[in-house]
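Look at the two complexes coming up: chain A is in both, with chain B in one and chain C in the other.
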Partner chain A sequence: MKIAILSGKGGTGKTTLSVNLFSYLDKATLIDTDVEEPNSHLFLKGKLIKEKSVIKHYPKVNDDLCDYCGKCGDFCNFNAIIPTKKKVLVFHDLCHDCGGCSLVCPKNAITYVDKEVGKEFHIQVSENKLFLYGNLTVGEVSGVRIIESLKETTRNEDLLLIDSPPGTSCSTVAAIDGTDYCIICAEATPFGLSDMKMVVELLRAEGRNFGVVVNKCNLGNDEIYHYLEEEKIELLEKIKFDREFASIMADGELLINHSQYFRDKMANIARKVLGDKYDQ
Partner chain B sequence: MKIAISSMENNEHSKVSDRFARSEYFIIYDHDSLSFTSVENTAKSAGSGAGGKAVKILGDLGVEVVLVPELGPKALEALQAFEIKSFQYPREKTVREVLYLYFEKKLPELFNSTSKGRH
Partner chain C sequence: MINEIVIISGKGGTGKTSLTASIIPFFDDLVLADCDVDAPDLNILIKGTIVEERDFVGFQIPVIDYDKCNHCGLCHTSCNFNAISEDIIINTSACEGCKVCEYVCPTNAISMHDAVVGKIFHRKTIFGPMIDARLIPGEESSGKLVAEVRQLAREVAYAENRNTIIIDGSPGIACNVISAITGVSKAIIVTEPTISGLHDLKKVVHLIKMFSVEAKVIINKYDLSLSKAKEIKDYLSLMDLEVILELPFDLKFVESISNLQIPSTTDIPFFSSKKWFDFIEYLRS
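Moving on, here comes the complex of A and B:
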C-alpha cells in the first residue's frame, strides 16, 4: 500500500506526521519527496547505505545540421531553447527534460546530454525500516526526476509512506502518482483551508482516495470542519498544538517517543488508513 | 533601424516599464519611417525563461536596439546572440522621453546583466 502525506500549505505538519507515523509502524518504508527542502532526515537516525546520483537530460544542438527553423523554440513551454540568428541557445536549468524539442526538429539536430540534478540517499533506520530522501541541486528548477527516481527505487515496498512537497504543482503530482491513499495534513486557518481546497481539487482530478488530519486543531477557526462536512470528506484525526510538541520537534526528537497522546493519535490514523492488519 | 522600448501601455506616450521581459508592451520605433508600433508582450506570462522569449520576439521583428530598465543574465545572452544592443533608461519617464535620451547618447550601454535571473 502506498500512502502520500500532503498539505497544500507549507508548515502544517506533513513531516511531523510522516516521521512519527513511519516510526510508529512495525515495518514500513518512508520517502521524503520534498526534494527542494527535505527535512525528514533530521528526525530519523540510521545508517547511510546508498547514495545515488539522479540525472536529467538537456538538449544539445548540432550546428552543422540545424537550419534555425525555430520549431524547437516554438514548442518549448519553458523557454529553455531559444533559436537565434546563428546559434540556438539552451538554458539547461530551465529544461524540464520532456524530449519535445528533438521530436519536432525536422533536421534531427538535437541530442541530449546528461546532467546531475540531485541525489538520492538511502538510510537503514532499523531492520524493518528503510528511509529514502532526495536532494535537488541548488539552481535546478524541477525535482520531478528525483521524485520519480525515489518512487522507482521503492516501487515494490509493501507499505510505503510518501512525505510530499507542499503546493499542488508538478512535484506534488509526481509524489501522489500511483498512491492508494492520501492523507491531507491540514491546518484550521483560513490560509490552511484555502490551500487544502486546491489539494482536494487535485486529488479528485487524479481519482485518489483521501482523508484529512487537522493538525494544530486548537488554533484557527471552525471553517475547515464545515467544509469537510459539506464535501463529505473523512476527518481522520485532530491533533492539538502544544508548545511542548514544538520543543521536542526542535530537538530533532520524535513525538511518539515522548507523548502518549501523540502515540494514540498515530495508532488511530494507522487503524483508519491501513485497517486492522497493521493495528498495534 | 528599429528600437524597442519596454512600456506599460500600447503607445509612445506611456510610462516605460520597470521590467524588461515581463513588461506589458514593447513599443517599436522605426527610425527609417519615423513611426511607432506597439507589440503586446506574450513573454510576460511565461512560467519561466521570459527573458529569452522576449528577446526572441524582438529579434524576429528585426529590432537592433532595446531600451530597458534592468536586464537578467539569460536575456543578455539572448540579446548578444541576436546581436541586439541594450541601453538602460531611468525610471518614471515616458517612451518618447527615453528615446530622446537615447538619441542624445545619454543612456549607458549594458554589457553585463543588471539583475539576477528570477524563477
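Moving on, here comes the complex of A and C:
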C-alpha cells in the first residue's frame, strides 16, 4: 500500500505526521519527496547505506559540425538553446531535457551531457525500516526528476509512506502518482482551508482516495469541519497544538517518544488507513 | 525605480503571508503581487473586488487525431517525460509541452494546442491594486505564471505611478521561487526557530546569494525555542545576514487570521513597537 501525506499549505505538519507515523509502524518505508526543502531526515537517525546522483541531460553543441542554421533554437520551447551567428548558447537551467534540439539538428551536432540536479539518500533506520530522501541542488528549477527517482526505487515496497511537497503543482503530482491513499494534513485556519480545497480539487481530478487530519485543531475556527461534512470527506483525526509539542519538534525529536497523546493519535490514524492489523 | 520587495521563507508555514499582510497597511503607494500561485491566500485577508480576470496559457499540449494515428509508438518512445503511454494516451499532467511527439509523428496525427494552466486576477483593494493568480491544481509552469504576475504588477505600478510592489512568494527553492526573487530590490526571509526552519533557511539563503539579492531575515515565533533561535542567529552572522525582526509567538496572530483580520491592524502590541516601525522604514528605503 502506498500512502502520501500532503497539505497544500506549508507548515501544517506533514513532516511531523510522516516521521511519527513511520516510526510508530512495525515495518514500513518512508520517502521524503519534498526535495526542495526536505526535513524528515532531521528526525530519523540511521545508517546511510546508499547515496545516488540524480542526473538530467543538457545539450552540447559540436562547433565543428554546427552550421548555425538555427533550427534548434526555433524548436526549443524553453529558450534554452539560442543560436547566434557564430556560437550556439545553451542555458542549462532552462533546459527541460526533452531531446528536441538534437532531433531537429540536420548536422547531428548536438549531443547530451550529464548534469547532477540533486541527490537521493537511502537510510536504514532499523531492520524493518527504510527511509529515503532527495535533495534538489540550489539553483535547479524542478525537483520532479528526483521525486520520480525516489518513487522508482521504492516501487515494490509493501507499505510506503510519502512525505510530499506543499502546494499543488507538478512536484506534488509526481509525489502522489500511483498512491492508494492520501492523507491531507490540514489546519483549521482560513489559509489552511483555502489551500486544502485546492488539494481536494487535485486529488479528485487524479481519482485518489483520501482523508483529512486536522492538525493544531485548537487554533482556528470550525469552518473546516463544515466543509468536510458538506463534501463528505473523512475526518481521520484531530491533533491539538501544544507549545510542548512545538518545542520537541523544534529540537528534532519524535513526538511519539515523548507523548502518549500523540502515540494514540498515530495508532488511530494507522488503524483507520491501514486496517486492524496495525492496531498495536 | 520601483521598490520591489519579496517575502519568502524556504519552509512553508513560517508566517510569510501573515507578515506580508501586516506590512501592507503601512504603505500608501503599493501594488500587491501574490506569487504563491499554488496556495494563494493573500486575498483572504486583503479582500478585494475583481477588476479583471484572465486565463493564463502556460504552454501547448499535444492532441492526437486517432483517425490518423497508426500506433507506431514513436511518440511514446521519444517522450522524455513519460507523458504518452504505450497505447498512445496522453497524460497531460506529465507533459511539459516540448512538442517532440508532434515532430516525430510520421502520420501528422499530433497537433499542439494552448493549455490554460491558471487564472490571473487583477483586484482593487483598499490598500491598492493587487495581482494574484491561481495555478490549476496539478499543472506545470508555476514559474512562468509567477513571472506573468510580476510583469502585470509592474505595468499597473507604472500606469498608476506607484513606487512599491510587495511580492508574497511561495515556499521551496524551485522555479516559482527563482521567478519571484529575480531582479527584486530586497528580499525578506521569514524563518522559525525549529530544526526544519534552520535547515530550509540555509537552502534559501544559498539561493538568494546565488542570485545576488539583498536580504534580511525575520525570526517568527522566536520564543518557541530560544536555543534554536540562537543557532539561527549564529548561522546568519556567519553568512553576514542581518536579523531585522524577531517576533514572539502570539495566539492573537492566529486568532486575527481566523477572524479574517490583518494581524497588524489588531491590538497586538508588537505592531506599535519601534522595532516594527524601523522595519517598515527599512522596507521603504
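FYI, the second predicted complex is superposed on the first by the 237 of 280 C-alpha atoms of A that agree within 3 Å, B and C clash if a C-alpha of one lies under 4 Å from a C-alpha of the other, contacts with A are read in each partner's own complex, and residues count from 1 in each chain.
To be clear about the criterion, a residue touches a chain if its C-beta (ideal position, glycine included) is under 8 Å from a C-beta of that chain, and two chains touch if they have at least 3 such contacts.
Remember, it's a predicted structure, so these values are computed and weren't measured experimentally.
Contacts of A:84 after superposition: chain B is touched, whereas chain C is not reached.
Contacts of A:250 after superposition on the shared chain: chain C is touched, whereas chain B is not. Contacts of A:75 after superposition: chain C is touched, whereas chain B is not reached.
In the overlay built on the shared chain, the residue A:33 is in contact with neither chain B nor chain C.
Contact with neither chain B nor chain C is seen for A:164 once the two complexes are overlaid on the shared chain. Using the contact criterion defined above for the overlaid structures, shared-chain residue A:103 touches chain C, although it does not reach chain B. After overlaying the two complexes on the shared chain, residue contacts for A:215 are found with neither chain B nor chain C.
When the two complexes are overlaid, the chain among chain B and chain C that reaches more residues of chain A is C.
By the touch criterion defined above, A:201 lies against chain C but remains apart from chain B after alignment on the C-alpha atoms of chain A. Shared interface residues of chain A (contacting chain B in one complex, chain C in the other): 77-78, 141. Only residues 73, 77-80, 82-87, 89, 91, 94, 141 of chain A touch chain B when the two sit together in their complex. The part of chain C that touches chain A in the complex is made up of residues 9-14, 17, 38-39, 41, 44-45, 59-60, 78, 80-81, 93-94, 96-100, 103-104, 134-135, 137-140, 142-143, 170-176, 178, 193-197, 199-200, 203, 206-207, 210, 224-225, 227-228, 249, 251, 254, 257-258, 260.
Interface residues of chain A facing chain C in the complex, by the touch rule stated above, are 7-12, 15, 36-37, 39, 42-43, 75, 77-78, 96-100, 103-104, 136, 138-143, 165-173, 188-191, 194-195, 198-199, 201-202, 205-206, 219-221, 243, 246-247, 249-252. Residue ranges of chain B in contact with chain A, taken from their complex: 43, 46-50, 52-53, 55-56, 59, 74, 77-78, 81-83, 119.
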